[in-house]
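Okay, so chain A shows up in both of these, paired with chain B first and chain C after.
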Partner chain A sequence: MIAELGHFALILLLALGCAQAVLFCPVRMAFFRPIKLASEHGEILAQLSPEKGNAGFEADKGQTARLLWPLPVMICLLAFMAQGALIYSFIISDFSLPLVADYSHSSTPLFYRISAAITPENCAILLWISLTALASVFFWVQSHLSQRIQNTDTTLAVLGLIMALLAASAIIDGNPFLRDPAPPLDGMGFDPLRQDVLTLIHAPLLYAGLAALSVIFATTFAALPRAQLDRVWARQMGPWAVSAWLFLGAAILTGTYRSYIEQGWGQWWYWDVVENAVLLPWILATALLHCLTALEKTEALKPWTALLALSAFGAGWFGMFLVRSDWLGPLPAALIATGEHATLLIGFCIVMGGAYFLFSRTAGQLREAADFSFLSRESGLFINSVLFAVAAAIILTGTVYPLIVRWIGDSIVTVGPPFFVQALLPVVVPILLVMGLAPSLRWRQDRAFSLAGRLKLPLIMSAVITLFVWMRHINASPLPLLGIGLAAWIVTASIADLWERLRRNRDQSGTKYRNIARLGPHYTGMTLAHIGMGLLVAGASASTLWQEEIVLSARSGQSIEIGPYNLQYEGVALLPGENYATRKATFILYQNAQPLGQLSPEVRYYPVRGVETIEADVWHSRDGDLHVTVGERAEDGGRIVNIRFFPMMSWVWAGMIIILIGGIMSVFMRALLFFKKNEGPTQ
Partner chain B sequence: MRFWIAVIPLVLFVALAGAFLVNLGKDTSVVPSALIDKPVPDFSLPPLPGRDKGLARSDLANGQVSVLNIFASWCVPCRAEHPLIQRLAKESGVAVYGLNYKEKDPQDGVIWLNELGDPYTAVGMDISGRTGIDFGVYGVPETFIIDGNGRIRYKHVGPVSPDILQNVLLPKIQELQG
Partner chain C sequence: MIRPARHFLWLFAALLVTTQPALAVLPDEMLANPVLEQRAREISKELRCLVCQNQSIDDSDADLARDLRVLVRERLVAGDSDQQTLDYIVDRYGDYVLLNPPLKPETYILWGSPFFLLIFAGVGVFAFYRRKKNDAVTNSPQALSDAERRRLDDLLRPSQD
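For the complex of A and B:
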């Protein structure tokens, strides 16, 4: 019964989404003139458009949104009802729903039943719709609070269309609420690889990112026809762009850490479709953030910014389609064909085709308000965002290449990490170079001589650091060395610029606190993110450069030395888990004969799916990560033990977290500024 | 000039989206087997515990059309399709061979067949999954139709449904029998 209610909510949502797309669209006057005269609502509509003579394209001042605001709110409620109905069906293990039968089992713990209702791709489309609906309500609130939001109606119309298309995909491609006339007695179980808290956090972060991107897309789409890509547009997009970037970044962090623990060999990035599907929109969102800064400051780079805003959402949608459709091969662990998701693809084509068509019509007429010279902050931001876009194009190519080859040549190829590393290297190196340089550049125009003066110190320091590392590791391969050099360059250049600015601010008087506050949300966020990126690159380079690995067959009581540590193997115990059996090994960790703690890697066996998973245990410290996994019993009676020491791996995690803190700081400071401004004229 | 630059994204998008739309509806789960119309790989597998006949390439190339079904006791879809494999064996009249894939314990397969019924002419045990790799198995269950010369003529990935049995597998077998 509850499932039917959810089904009904989903269908109603589709209808209301279409209604929102039509009713909020300002062009409707031209399309629906005869209908309007006949309809009962004729009077209301007439009130909405006082200048009736204007052929349908009157200014969008958000009148419809003021009148019909319950519509987006209703859609949001319906979406959460549908999502709630699915979660409820999972909780009560209603196996007459094929999705529940596919992804859950009577032995699955309650927590993971909820997780199963949200995380698998087929279920997650409801989460995607819900968060998009929530974002459109937030957008309405934003436009209500601030008088400076443009094109509210058109934006909501586009969002309505997006939600209707997603709902259509949910209904047609794999309706979660259709019952199986002959339900199985029990389900197939939750995918053991997903049985983790991090996976449950990952899904809402990812879809919140996509939802924020859809608002960015809709805002841009709405601004295109009359080429209103100005400062106001950039300012209203700002919070959405930062939060999309932040959510997607957090999704990448959780996904990365999960695969670091889950995969036996301690790698944390695999370039597989699921990862690329999040990375692509994140890269484009990063590029967009940079361009928005330039646009807000000097009204430069308008068409390019608009293109990035449209493409970031497109990349997100396309990635979700690739992950869902089984075209790139079903995941061995899933064992379930998920179908083609044709409706999702058609929806993508409608939305993005319309957007690019509109772009091709209007982008040529966009006037750049400002000109800038080659050596200026604008050109630095532009070059970097172009490089980001090229990186995204390379990743997209690598991801769909196997499909294209299969269609053309009927042969099977796989594209792995070597391709991505080789192809991305020539792009990433300049990105990192410009990343250190651009913050010190002046707007409009800069002089090479004074720039060199400002950057002299960071340049020397990073060269010294690289040389120092090279002297100590004379046989090191060039790639990690290059990484360390670039990381040092970014961090020193960022700090030097920060120092310079704080000094300049102090000269204009003010306490230290105000000095920092005066840096503004953009600059604070950027500096933190850049320093975090530097740490990440340094950590990734160092951990590949100095990583140590020991594989051995260990016996109880054996002591193993690795890095600065000493590990004592205690043995393996067979223990029952919630819905699995686990072989849990125990290691005691010593440093300088002092016991530090205990590590217990596991091998879990999930009987329902018949799958074994590896759960590594990791000791994080300032020096690096100790990554321990256990395997099978060896022929000599010992236990295969795999121990890796990744020096400076903590820098990678710290770097990622600092990047995200940069985003959070920027959002926080923006919010403070916003409310300060609304309080009244204080200055 | 500016107009042409603005059109580039549209052109790239149409090319990419077009490629996907054109290929929509082609059942890609059938194509990936590079083995279609190729001879069955050479293999020889031991029997289930307590039985005397295993499975080898020669069983599948004996002049008669045959079916090879890959199953495992730990695989829930296999359990779902099992009654249909029994129907397939009865209605088609051809020999259906089983490949018991990656069992934890060799006894599991025997227990499974005792419980659900055994439609197979012979069953081979692929404990290591090595033969499965040669057959390009990437998800159990899978069902292969092999002609009298030992060539793989059709491959179905995933559980057999009544629809697939009636409209795909049985007609294909009849067609091959001529």
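For the complex of A and C:
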């Protein structure tokens, strides 16, 4: 009964989404009014002339949104009702619903039943719709509280269309609420690889990111016809762009850490479809964020920012389509023939086709208000965002290439991590170089000579650090060395710029002390994110450069030395888990004969799916990560143990977290700035 | 509904009989000669586990990956060079096993894409600055004409009264 209620809510949502798309659309008035007038005057063409507003659009002052505000709120409620009904069906294990039968089991613990209702790709579309609906309500609130938001109606119309298309995809492609007339006695079980808190956090973060991107998309779409991509628009987009970037970044962090723990070999990035589907919109959101800064400051780079705003959402949608459809999986031809997930693809084509068409028609009207020279902050932001877009395009090419080759030729190719590393190298190196440089550049125009003076110290310091590392590891491969050099460059240049600004600020304000709060969280957030990125690059380089690994068959009481540590293997215990049995090994960690703690990696067996999973245990410390996994009993009677020491790996995690903290600071600042009444210049 | 606790008896039984290898590289596969073993690891990183997504056989715990790892080591022990070992496996499994796609007609576009995209972006950026410069020339403020200058002087001159 509850499932039917959810089904009803979903169908009603589709109808109301369509209604919102039509009712809020200002084109409606432009369509109807000329016809009415034409009947009076007999001059149809004259009424469609551009004096009514460009391309037949009328000024959108948000009248419809003031009148019809219950519509988006209603859609949001319906979306959460449908989502709630699905979660409820999972909780009561209603196996007559095919999704529940596929992803749950009577022995699945309650927590993971909820997780099963939202994390698998086939279930997640309801979460995607719900969060998009929530974002559109937030957008309505934002426009209600601030009088400065333009095009509220058109934006909500576009969001309505997006939600209607997603709901159509949920209903047509694989309706979660259609009951199986002959339900199975029990389900297939939850995917053991997803049975983890991190996976449950990952899904809402990812879809919240996509929802924020859809608001950005809709706002841009609405602003394009009358070319209103001005400073107000940039400031209104600010909080959405940072939060989209933040949510996607957090989704990447949780996904990465999960695969680091779950895979027995401590690798954390595979360049597979699921990862790339999150990485692509994140990269474009990063580029967008940088362009918005330039636009907000000097109203430069309008068409390029608009293109990025549209494409970021497009990349997110296309990525979700690739992941859901499994077209890159083993049997794409069969899936294409049956047209599975075709609605999601058609929806993508409608939305993005419309957006790019509109962009191509109106981009010429977007005038650059500001002029800037080649050596200026705007240039730094522009060129870096172009490089980001190139990186995204390369990743997209590499991801879909196997599919294209299979389509047009008979042969199959693999595009693995080595391709991505080699192909991205010529793009990532300049990105990191500009990243250190750009914050020190002046707006509008800068002089090469004075810039060199400002960057002299960081340049020398990073060269010295690289040289030092190279002397210590003369045989090291060039790639990690390059990474360490670039990381040193970013960190030292960021700190030098911060110091310089603090000094200037102190001199200007006439106070005695350097005060970091005066620079504003906007700048501080950026600096933090850049330093975090530097730490990440350094950690990733160092951990590949100095990685140590021991694989051995251990006996109880055996002591193993690795890196600065000494591990004592105690033994393995067979223990029951919630819905699995586990072989849990115990290691005691010593450093300089002092016990530091205990590590207990596991091998879990999930009987429902008959799958074994590896749960590594990791000791994080300033020196690096100690990554321990256990396996089977070896032929000689010992236990197979795999221990890896990744020096400076903690820098990778710390870097990612610092990047996110920078983002959080910036999002609060942008939200504050937006609601602040006076329109003073922003720092 | 079956309560989870009931499962444990047969769950334990199932656990005792499973013999799937869980870790990627196992000690019993490893070669005694550390130089050969290191070469084997490097080669393994280049080869794709055929049943996984973008994992090398060095990283995979699938049975098929294990077979390939053992095969790589057999070839190395038999005295093959790294390239010969790779060729041996590619002959049997096709280019599909190579994580690094080889340059051949099917992959020209793939390997060309970074260069093409970078050149495309470079041309775009160049055209952007070029146009900006032209705009700046055409839109730059014109010098004042003599009439304008006289009028301006009149306006700026302090009034007599």
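Following the convention adopted for this analysis, the second predicted complex is superposed on the first by the 626 of 683 C-alpha atoms of A that agree within 3 Å, B and C clash if a C-alpha of one lies under 4 Å from a C-alpha of the other, contacts with A are read in each partner's own complex, and residues count from 1 in each chain.
Definition applied: a residue touches a chain if its C-beta (ideal position, glycine included) is under 8 Å from a C-beta of that chain, and two chains touch if they have at least 3 such contacts.
None of the values given here were measured: they were computed from a predicted structure.
By the touch criterion defined above, A:S311 reaches chain B but does not reach chain C.
Of the two partners chain B and chain C, it is C that touches the larger number of chain A residues. Looking at the shared chain after the overlay, A:A452 reaches neither chain B nor chain C.
Within the superposed three-chain model, A:F359 lies in touch with chain B and out of touch with chain C [touch as defined at top]. Of the two partner chains placed around the shared chain by superposition, chain B is the only one that A:A342 touches, whereas chain C remains out of contact. Of the two partner chains, chain B is the only one that A:R406 touches; chain C does not reach it. Once the two complexes are laid over each other on the shared chain, residue contacts for A:R609 go to chain B alone; chain C is not touched. Comparing which residues of chain A touch chain B with which touch chain C, the overlap comprises 329, 411-412, 607, 610.
On the side of chain A, the complex with chain C involves touching residues 93, 106-107, 109, 186, 263-265, 267, 270-273, 328-329, 368, 371-372, 374, 382-383, 386-387, 389-390, 393-394, 397-398, 401, 405, 409, 411-419, 422-424, 426-427, 551-553, 574, 576, 578-581, 583, 603, 605, 607, 610, 612, 614, 629-632, 634-635, 640, 642. Taken in their complex, chain B has these residues touching chain A: 2-3, 5-7, 9-10, 13-14, 16-17, 19-21, 23-25, 28-29, 31-32, 34, 72, 74-77, 80, 104, 138-140, 157-158. On chain C, the positions that touch chain A within their shared complex are 1-4, 7-8, 10-12, 14-15, 18-28, 30, 46, 48, 53-56, 58-59, 61, 94-101, 106-107, 109-111, 113-114, 117-118, 121, 124-125, 128-129, 132, 135-136.
Chain contact summary for the complex, chain A toward chain B: residues 184, 188-189, 303, 307, 310-311, 314, 326-327, 329-330, 332, 335-337, 340, 342, 345-346, 348-349, 352-353, 356-357, 359-364, 400, 403-404, 406-407, 410-412, 607-610.
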